[in-house]
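Once you scroll down, you'll see the structures, which are given as structure tokens.
Next come two complexes, and both contain chain A; in the first it sits with chain B, in the second with chain C.
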Partner chain A sequence: MTQGRLFLSETGRIVMAAIFALAVTLIIIFFASKTPWATFETFVTSPLSSKRTIGIWIDDSVKLALAGLAFSLVFQARQFALGVQGQVYIGGLFATLVAFSPIGTTWLALPAGILAAMIGGAFIGFIPGYAKSKLGANEIVSSLMLNYIAYDICNYILRVYLASLESGLTTSAPFPAQSIYPAFIPRTRVDLGIVIALATTVVVWFLLYRTAWGLKLRLTGHNARFAAYSGIRSSFIMVSAMTAAGAIGGLLGAVFVQGTAYGKLSIGFEAGMAFEGILITIVARNRPLAIPFVALGYGYLRQGAALMNYRADVPAEVIGIVQGIVILLVASSFTVPGKAMLARLMGNRTAASRATS
Partner chain B sequence: MNEIIATILSATFVAAVIRTTTPILFASLGGLLSDLVGSLNVALEGIMLIGALTAVIVSAHAPWYIGVLAGLAAGGFLGGVMALFHLRFKADIILVGFAINIIAAGGTVTVLTYATGGDKGTSINIPSKAVPALDLSFLGNIPAIGPFLREVLSGHSYLTWLAAFMVYAIWYFLYRTPEGLRFRAVGEYPPAAEAAGISPNRLRTYGLIASGCLAGLGGAQLAMFSFVGFTRDMTAGRGFIALGAVLLGRRHPIGTMIAAVLFGFFEALSIALPGILKWMPGELIHTIPFVVTVLALMLSSRRRVTA
Partner chain C sequence: MTPFLEAIGIDKIYPGGVHANKGIDLSVAHSTVHAVVGENGAGKSTLMKILFGVEQPNAGEIRLEGQPIVLHSPRAAIAAGIGMVFQHFSLVPSFTVAENVVLGVEPRAGLKLDRKKASETVRELAERFRLPVDVDVPVEQLPVGQQQRVEILKALYRDARLLILDEPTAVLAPQEVVELFAAVRSLTSQGRTILFIAHKLPEVLEISDTISVMRAGKMVGTVAAKEATEKSLARMMVGRDVALKINRAAPGIPHTHLCRISDLTVKNDHGLNAVSDVNLVLRTGEIVGIAGVEGNGQSELFDAIGGLRPISGGSVELGTTDITHVSVLERRAAGMANIPEDRIATGSAGGATVAENIVATELTDKRFVRHGLLDLKSIRDHAAKLIEKFSVRVQGPESAIGTLSGGNMQKVVVARELSSEPSLLLVSHPTRGVDLGATEFIWQNIAKARDAGAAVLLTSADLSEILALADRMIVLYRGRIVAAFVNTEEVTPEVLGSYMLGFAEQSAEERNAALA
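Presenting the complex of A and B:
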């Protein structure tokens, strides 16, 4: 299959996922709302209703894209490390510590904060990888446990060392101005985060598709045994993929706290967004270049749901149901009705294309 | 330190361990059944959460045992959904499981909002019922050890005793019945089982449904005994800890039970410690069960795996 046709078919899949998401939402709203059509209209149109909501949408998409990129790296290697949430909290914490250090008021504040966050996140990503390759501990459970541990550690440091009566007991003081991203459009959340997300997308794409490490990683993900036979040290790939994904998770933590949306550390600042990266990368089929588009699309739905919560009678949490159902539909062969028939008609060609995809 | 040891050895603490173990034990037995036939059920957390909410809402309108059965049925239904998507539509079991967790996190809050008329946090204004406690205070009449036994064993939920019985029942099923042998065979080496005329997918479906039912029971115990009523995200990682117990338990019901008791012990400890170690920050005490789970997994596996 040529690049062009691959692009078309992948785009088709993403559009399909979007249609599924809208259909599922519509069904839920019909059950949940007293005025379903008006509520659905709010859901679909409200993110574009003001400059401020557009800014929130873009900002959310930036964060969702980073979360998706972190998951895509480990999922490409077929490692189900689910520790992005913990990496975000540790990354956010480290970036905060830098912001309140003497460096926080110099021009080094942003790069140093980001670097610290990435190191912290990489460490949290490294632990389950190392535990799996050296000790055989299942990465799913250990990474999930680390999420809870990281959350508690972050809250502990925040409560004891950073929060004060003036700042409110659940947040730190605001960062110095040098430690907060410059906003590209005043009074919106459109800030440096966009550049970071796009640059990360390109870096992840380059690592996965233009380096030997990325090839080995993808081979390990496709068929670990084959990769091992061809001399790839799969345990090294496994640990390095989880560590690199951890660095992206940490970076996302920095984007959270240094972004104009916060500019400080708060309890639970991540608000469950890290896990939504799973949806992003599944719909994008772990392809880095597709992730920003999927993130924009899902970010829009997410923002619509949040506004529906305020302006209509349906709680924002319905987006969780939509999200789960879309994952179910996209991850299964159920997505494309008649796929089996298509495969039979196309014979080996589709089988071959599936192997290369 | 002495104070901690004294607490741990007290009858009330042992009773507390039994209470904290029960939901984890149900979920991990469920996880065991699906893991045995080759599908790791990462949705235990979400199924417990949905089971808990279902049990609470139904028990407001029906006797307590109907509430418990509803929790069980909701869990079984979700297990069936997982089997459908994993086996029929060929989705990856981990992704299916996580999709269920995500649906559970959002869906329970959504349903709770409607059931309570706008409260997104707790089901405090729903008159839900509790599972009755089994009164064994007659044990106190036994000389010498009587009072201790009464303290430890009396006053637990009916479901605690059911959980203990399930350990035996599952052991009996797996090691003393032909169907149990088939179950284990599918888990060991599916092609051999298939060659012997056993359909792995049929048993995997049963395994997932049974695991959903048990996790649903765990949720019911959590929301109808451990706490009365539902709170947002009330499972708080117990389903994932249960998954750790499955992996730690060496695919055996007794091993799984021991692991579940171990995690129950540390959960009870994290509840008891704030009263004893006043200097220790609550957040760090709260991490104890999770830290123990990670360490237990690291120390027990001792087996190099390749990707």
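Presenting the complex of A and C:
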């Protein structure tokens, strides 16, 4: 398959997923709302209704994209490490420590904070990888356990050392200005995070498709036995993939706390967003260059659902249902049984249309 | 009389643009054995998949007993009485034979599977069609030949009147082929129809009533087996005469010892000795063939030398280095190359491109990787060169290797391993599922590697392949060397057979004469 065709078919697939998502949402709204069309309109148009909502949409997409990129690295190596959440908390914590250190008020504040966050995240990513290669520990279990540990460490340090009294011990004092991203559009959340997400996308793509390490990683993911047979040290690849993904998770933590949306550390700041990276990367088929687009699309739906919650009579939980259904559809409709089902649904028409195309 | 199955004007273009079937007509008579032969990538498997509803044709019609039918899924095909056994089985390893056969249409006692009834039915079925198999054993404990029987039983249990077999003999030992053919005969005598693909012409001529030949997506002709000869078929398939003859290593050249295998002991997956105390010297410019019934330690021996299985006793030296416990990377650096027995499970990464599969073993080579960065252009050029040299039928280096036909995938693996100009070449079943022309080509290239000074260790389920290529031969029985020969006219399949089945064993002197 040529690159052009591949690009077209993959884009088509993602557009299909979006249409499915919209259709499903519409059906749910019909059940849940007294004024379904108005509600649907809110859902579809509200993210664009003001500069502020656009900013929130973009900011969410940045974070979803980073989470997706972190997962895409480990998933391409076929490692099911789910530790991005823990990496985000440790990354956020480390960035906070830098912000409140003497460096926090210098021009070094942002780079040093980001670096510290990435190192912290990388370490959290490394542990399950190392445990798997040395002890055979299942990475799903160990990474999920680490998520709890990281979350609790972050909260503990926040409450004991960092929390400001006015906040009722749930957030730190605001960061010094030098430790917060410059906003590109004033009074919105559109800030340096967007550059970080785009740069990370390119870096991940470059690592995966232009370096020997990335090729080894993908070959290990395709067929570990083949990798071993060709002389690839798959346990090194596995550990390094998890570590690199951890660094991205840590980076996301920095983007959270240093971003204009927060500019401080608060309890549970990540709000479950890290896990939504799984959906992003599944829809994007772990392809880094597709991830920002998927994140934008999904971020939009997500934002629409949240605003629908405020402005109409449908609860935001709807987005959870839509999420689930999109995952199911994307994961199934392009595998063999799914294809057979589509073929049956469409009868001979598909065969006929393909013949003419 | 109306044919049992008719395909008229079948056309198939894969989404990638490969035109795999071009206006194919095929007509299969009732209760006969109909073979489809042709080069790798000719479109045989594609046609079979269309007849079983796995792939949808872009145009054309299928008729069953004169009635047009549409097969949009395997389910529809099964309902119409068509069954298929793929080259790669789809059995549940931990389930018993009976459970596998009835899976999906189980006899029930209340809500539960009626195990007794299942076993009984399957046993009766097996007896009726001469497919003896122990129905209460988990499938994972069965050799390939028996697993294939289970697949056939699965189709028969669903009342298949037409059975499609995609290269059923490629994975079988000679004895198993004999048994399969006995079953096929009993099937046709009981009114079933068989449609099958094979590459080995003697087999095809022996078992079939009618033979259809495909080339490059087209049907080039259908002949009665009685009127065909190997030569006439080969010419139809390849378009020229094919001579499967390989020159032996030139005599009189001093062969220096290259690889010394001493007291080698290797355990299998269950911790039992699969290879015991094997002593063997491989010399440059020489092919050593290993004969044995499948499961007598060949795979473990090759995996151990290739670095994919730990060695539990003894040593392997390559040149002056001890490679007993070193990594695959170091072995390859020392000059080893390995054509593995399973091109899909071991020899390739299906989702990666052909170019990536080819470069996978060369990632320390400065031509392709510098400072950790891939040189995509030279990787692509290298792949394109090998594709051209081995005439692999593929759109280009960027195609996913998983979309290649079986034989073409094998050519890619062989091309990659030979391109490193190895000094020690491990070869397992190099021409499994490979067409006649390509078999000749692969043999020639193995011989070329030998003439360039490689020591080659070869095993194959096909004795004629070993007899054609090897300069010396050893027979493995239960993991031990029971016989060794210099390959001469006197060594025949019958002679080897008695050692392979454990009926005879050479004395130590006799063996050592050929081993040294």
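We take it that the second predicted complex is superposed on the first by the 330 of 357 C-alpha atoms of A that agree within 3 Å, B and C clash if a C-alpha of one lies under 4 Å from a C-alpha of the other, contacts with A are read in each partner's own complex, and residues count from 1 in each chain.
Methods note: contacts are C-beta pairs under 8 Å (C-beta built on N, C-alpha and C of every residue); 3 or more make two chains touch, one makes a residue touch a chain.
Since we're looking at a predicted model, the values are computed, not measured.
J.: Who does A:S9 touch here: chain B (first), chain C (second), both, or neither?
T.: Only chain C; A:S9 stays clear of chain B.
J.: Considering only the touch criterion stated at the top, classify A:W213 as touching first (chain B), second (chain C), both, or neither.
T.: It touches chain C, and chain B stays clear.
J.: Please indicate which partner A:Y156 is in contact with in the superposed arrangement: first for chain B, second for chain C, both, or neither.
T.: first
J.: Figure out whether A:L144 sits in contact with chain B (first) or chain C (second), or with both, or with neither.
T.: A:L144 contacts chain B only, not chain C.
J.: Once the shared chain is lined up, is A:H222 touching chain B (first), chain C (second), both, or neither of them?
T.: Second partner only, chain C.
J.: Contact-wise, after the overlay, does A:S230 reach chain B, chain C, both or neither (first, second, both, neither)?
T.: A:S230 contacts chain C only, not chain B.
J.: Report for A:L328: first if it touches chain B alone, second if chain C alone, otherwise both or neither.
T.: The first partner, chain B, only.
J.: Check chain A for residues that touch chain B in one structure and chain C in the other, and list them.
T.: 225, 227-228
J.: Which of the residues in chain A end up touching chain B in this complex?
T.: On the chain A side, the touching residues are 32, 77-80, 82, 127, 131-138, 140-142, 144-146, 148-149, 152-153, 155-156, 159-160, 220-221, 224-225, 227-228, 234-235, 237-238, 272, 275, 278-279, 282, 315, 317-321, 323-325, 327-328, 331-334.
J.: Taking the touch rule as given, give the residues of chain A at its contact with chain C in the complex, in rising order.
T.: 1-3, 5, 9, 210-213, 215-216, 218-219, 222-223, 225-233, 340, 343-344, 347-348, 350-351, 354-355
J.: Across the complex, what residues on chain C touch chain A?
T.: 11, 13, 15-17, 56-59, 70, 72-75, 306, 308, 327-329, 331-332, 338, 340, 345-352, 356, 359-361, 363, 369, 372-374, 376, 395, 398-400, 403
J.: Would you pull the chain B residues touching chain A in the complex into a rising list?
T.: Touch list, chain B to chain A: 40, 42, 85, 89-92, 94-96, 98-107, 109-110, 113-114, 120, 236-237, 240-241, 243-244, 247, 281, 283-284, 286-287, 290-291, 293-294, 297-299, 301-307.
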